[in-house]
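Next up, some structures in structure tokens.
Two complexes follow with chain A in common, the first pairing it with chain B and the second with chain C.
Up next is the complex of A and B:
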């Protein structure tokens, strides 16, 4: 049998894994803090959470949205802390890419070198051995190692569980929270008990990992910090006088990476957004962009209370339009098109070909709701206005001024979002003027909002007043592809 | 019924009595159309502003007014009232 020693690749991957897992935990807590409540099933009805990590209470006499519910956690536990979801996501996803690549190479090397023997049991007797080991630990003694192996039975089972079950479980439950994957494979969401079920399981996986790390560190301490670190750094129990400083140096280096990532994110978020976002966006476009929504939830699954984000335009002009049922509202569609058009709400309704879809709304903050939306398929609009060949993107401009209307948002100015032309050609891209069989409510974007079902919610502009076909967006706002991209450093392509 | 024919859920439908109270408030305020100066209005339904809009008092409503002057360039307007003033 292969000698179960500590080859260089195993030692390197161990320490790389420490870095990645700790980055994932901190950035994951940042993401959790943006909607610090956990639910079962598919939606996030207020008050139905099974766990909450906030003491905030929301008003009952004023519209609140999920930005108001956001928590600001310390940078000690979250990356980068202080309500920076955009930064947290960039770090989480770039680390996920690194972690998956590390994991794949680890699996390959484990099986190619025979090192899998250290983790995979050969006999059912390992369970009774593990039970005996547990009793031995509880009597404050150390159990024997398995013959010819570096671990005792319970350690072997635990490592196997973490490497072959817990790590893939976290990746799979993370993927179940991607709107593109959910939209393309609704059965996959069902597998995890719904979108919020997947989010809750992902959180429980995080707790399991934290518990594993705590017990792992305790075990290293019990069995001997210096000899075990000598094994994991030098590959053998020699140079013991160097093992302690070497292990502390490695830990300090990992802490320094965290400190650097935190400071970089807080001081220069735009450069983090550009640097990490370019890598992540490329992966997303390749893997997730082709996923077309195939959702069609049953009427019985509609959320009784569909959450909202963003607040309506707080102007007299809008309020007067609203109280007159938007008779004076007009939608301008122009830019790089052959036939610029203007539509009233009645004209949009009269276009015919009304499309209805029952779909899950995924907020970037983590909550979800199921709604039925009806309106004009965006492909119909494309056919009517005929984009010129140089048109590459579509800019949706709204009546909302975020600085005026949304006190919980960082930044100001007219809210707009930009989508690529190939994305808005998806069959469930909709200009919606109805929700759940009724005229679109004001808080959901009346008179007109966008639905694009394989993206997160902030791309679905509400209170739309103008649509412009454009060749590029670097000259619009801060040039990042939308108001939230400009102001809170979200990514433009948000299929996860 | 088609959704186009149903009233948006944000709108409060007013009774004739409530509309009369709105008319009284208009007279008290000497309300006239800001676009043409007309003083005759068709009173429509109400929108509860207090819940939806950040800047509004918790009991604020907007009541739809349509200027009856056929020459008015922008006949759709509204009056902001507190709920107890007309409900």
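Up next is the complex of A and C:
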């Protein structure tokens, strides 16, 4: 049998894994903090959560939105801390890519070199041995190692569980929170007990990982911090006098990476957004962009309550329009098109080809709900206005002025979002004027909002007043592809 | 004092628990009852002859009987949802009996108990370690209920948001 030693690749991947897992934990807590509540099932009905990690309580006498619910966690536990969802997502996703690549190479090397024997049991006796080990630990003694192996039976089972079950579980439950994957494979969401079920399981997986790390560190301490660190650094129990300083140096280096990532994110978020976002976006476009929504939830699955992200326009003009059922509202569609058009709400309704879809809404903050939306397929609009060949993107301009309407948001100015032209050609991309069979409610975007089911919610502009077909967006706002991208450093392609 | 806590950051650290709240009253109660019954069952096993030593003094038998009886009383009280006052008394009784069992275990292994000098230093007893772990977990769970992190049946969260 292969000698179960500590080859260089195993030692390197161990320390790389320490870095990635700790980055994932801190950035994951940052993401959790933006909607610090956990639910079961598919939706996030207020008050139905099974856990919350916030001290905030929301008012009952006025409209609040989910931006008001965000928590600002300390940078000690979250990356970068202080209510920076955009930064937290960039770090989480870039680390996920690194973690998955590390994991794949680890699996390959384990099986290619025969080192899999150290983790995978091949005798039922391992369970009785593990039970005996448990009793030995409860006697405050150390059990014997398995013959010719570096671990005792319970350690072997635990490592096998973490490497082959817990780590893939976290990746799979994370993937179940991607709007693109949910839209393309609704059965996959069902597998985890719904979108919120997957989110809750992802969190419980995080707790399991933290518990594993705590016990792992305790075990290293009990079995001998210095010799085990010598093994994991030098590959042999030698140079013991160097093992402690070397392990402390490695830990210090990992801490320094965390400190550097935190400071970089807090001081220069735009450069983080550009640097990390370019890599993440490439991966998203390749893997998730082709996923077309195939959702069609049953009427019985419609959520009884939908949370709100973003407050309606607080202007007299909008209020007057709302009082008159938006009879005076007009939608301008122009830019790089052959036939610029203007529509009233009645004209939009009269276009024909009204499409209705029962789909899940995914907010970037993590909450979700199922709603029925009706309106004009965006493909119909494209056919009507005929984009010119140089049109590459579509800009949705809204009546919301964030500085005026949304005190909880960082930044000001007219809210807009930009989507790629190939994305808005998807069959379930909709200009919705109805929700659940009723005219679109003001808080959900009346008179017209966008539905694009393989993206997260903030891309689905509400209170739309103008649509522009454009060739590029670098000259619009800060040039990042939307108000949220410009002001809170979200990524433009948000299929996860 | 408040200023000192704020200045050192200890106040923030202590109040960290206020950021954590769970809404599973039945799960909390079920877990509490299971832990407490575990504490009692181990004493019942010892009473029935499964003790570390072949013979033990009468006062210890009386303590085990008292402990098992209290565990049963506390467990029944904890599920009496009609009488919330009784439920809270049940939890308190459970914590009392858990702490007493932990204290007795530690005294028996350190200072020693009358007529049981052989138990001093005998930490190598898995069932004993397991018993104090169950008792400690119950006490922690009750503490979480007292601090509001958890709610126990029949309490309910009134979260509207």
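By our rule, the second predicted complex is superposed on the first by the 496 of 496 C-alpha atoms of A that agree within 3 Å, B and C clash if a C-alpha of one lies under 4 Å from a C-alpha of the other, contacts with A are read in each partner's own complex, and residues count from 1 in each chain.
Throughout what follows, contacts are C-beta pairs under 8 Å (C-beta built on N, C-alpha and C of every residue); 3 or more make two chains touch, one makes a residue touch a chain.
Computed from a predicted model, the values in this text were never measured in an experiment.
Asks: Should the pairing of chain B and chain C on chain A count as a clash or a fit in the superposition?
Replies: These partners fit in the superposed model.
Asks: With the two complexes overlaid on chain A, check the angle at chain A between chain B and chain C, Cα centres, nearest 10°.
Replies: With chain A as the vertex, the angle is 100 degrees.
Asks: Figure out whether A:123 sits in contact with chain B (first) or chain C (second), or with both, or with neither.
Replies: After superposition on chain A, A:123 lies in contact with neither partner.
Asks: Using the superposition on chain A described above, determine whether A:286 touches chain B (first), chain C (second), both, or neither.
Replies: In the superposition, A:286 contacts neither chain B nor chain C.
Asks: Spot which of chain B and chain C makes contact with more residues of chain A, would you?
Replies: If we count touched residues of chain A for both partners, the winner is B.
Asks: In the superposed arrangement, which partner chain does A:3 touch: chain B (first), chain C (second), both, or neither?
Replies: Once the two structures are laid over each other on A, A:3 reaches no partner at all.
Asks: Go through the superposed model and pick first if A:311 touches only chain B, second if only chain C, both, or neither.
Replies: first
Asks: Taking the superposition as given, does A:442 touch the first partner, chain B, the second, chain C, both, or neither?
Replies: A:442: touches chain B, not chain C.
Asks: Of all C-alpha distances between chain B and chain C after superposition, which is the least, in Å?
Replies: 15 Å.
Asks: Tell me, which parts of chain A touch chain B in their complex?
Replies: The contact residues of chain A facing chain B are 61-63, 311-312, 314, 316, 319-325, 327-328, 346, 349, 374, 404-407, 434, 437-443, 446.
Asks: List the residues on chain A that touch chain C in their complex, please.
Replies: Where chain A meets chain C, its residues are 36, 46-47, 49-55, 57-58, 60, 64, 69, 71, 134-136, 138-141.
Asks: Which stretch or stretches of chain B touch chain A in the complex?
Replies: Within the complex, chain B contacts chain A at residues 3-4, 6-11, 44-47, 49-56, 58, 62-64, 66, 74, 76-78.
Asks: Touching residues of chain C toward chain A in the complex: what are they?
Replies: It is residues 18-24, 123-127, 129-130, 157-161 of chain C that touch chain A.
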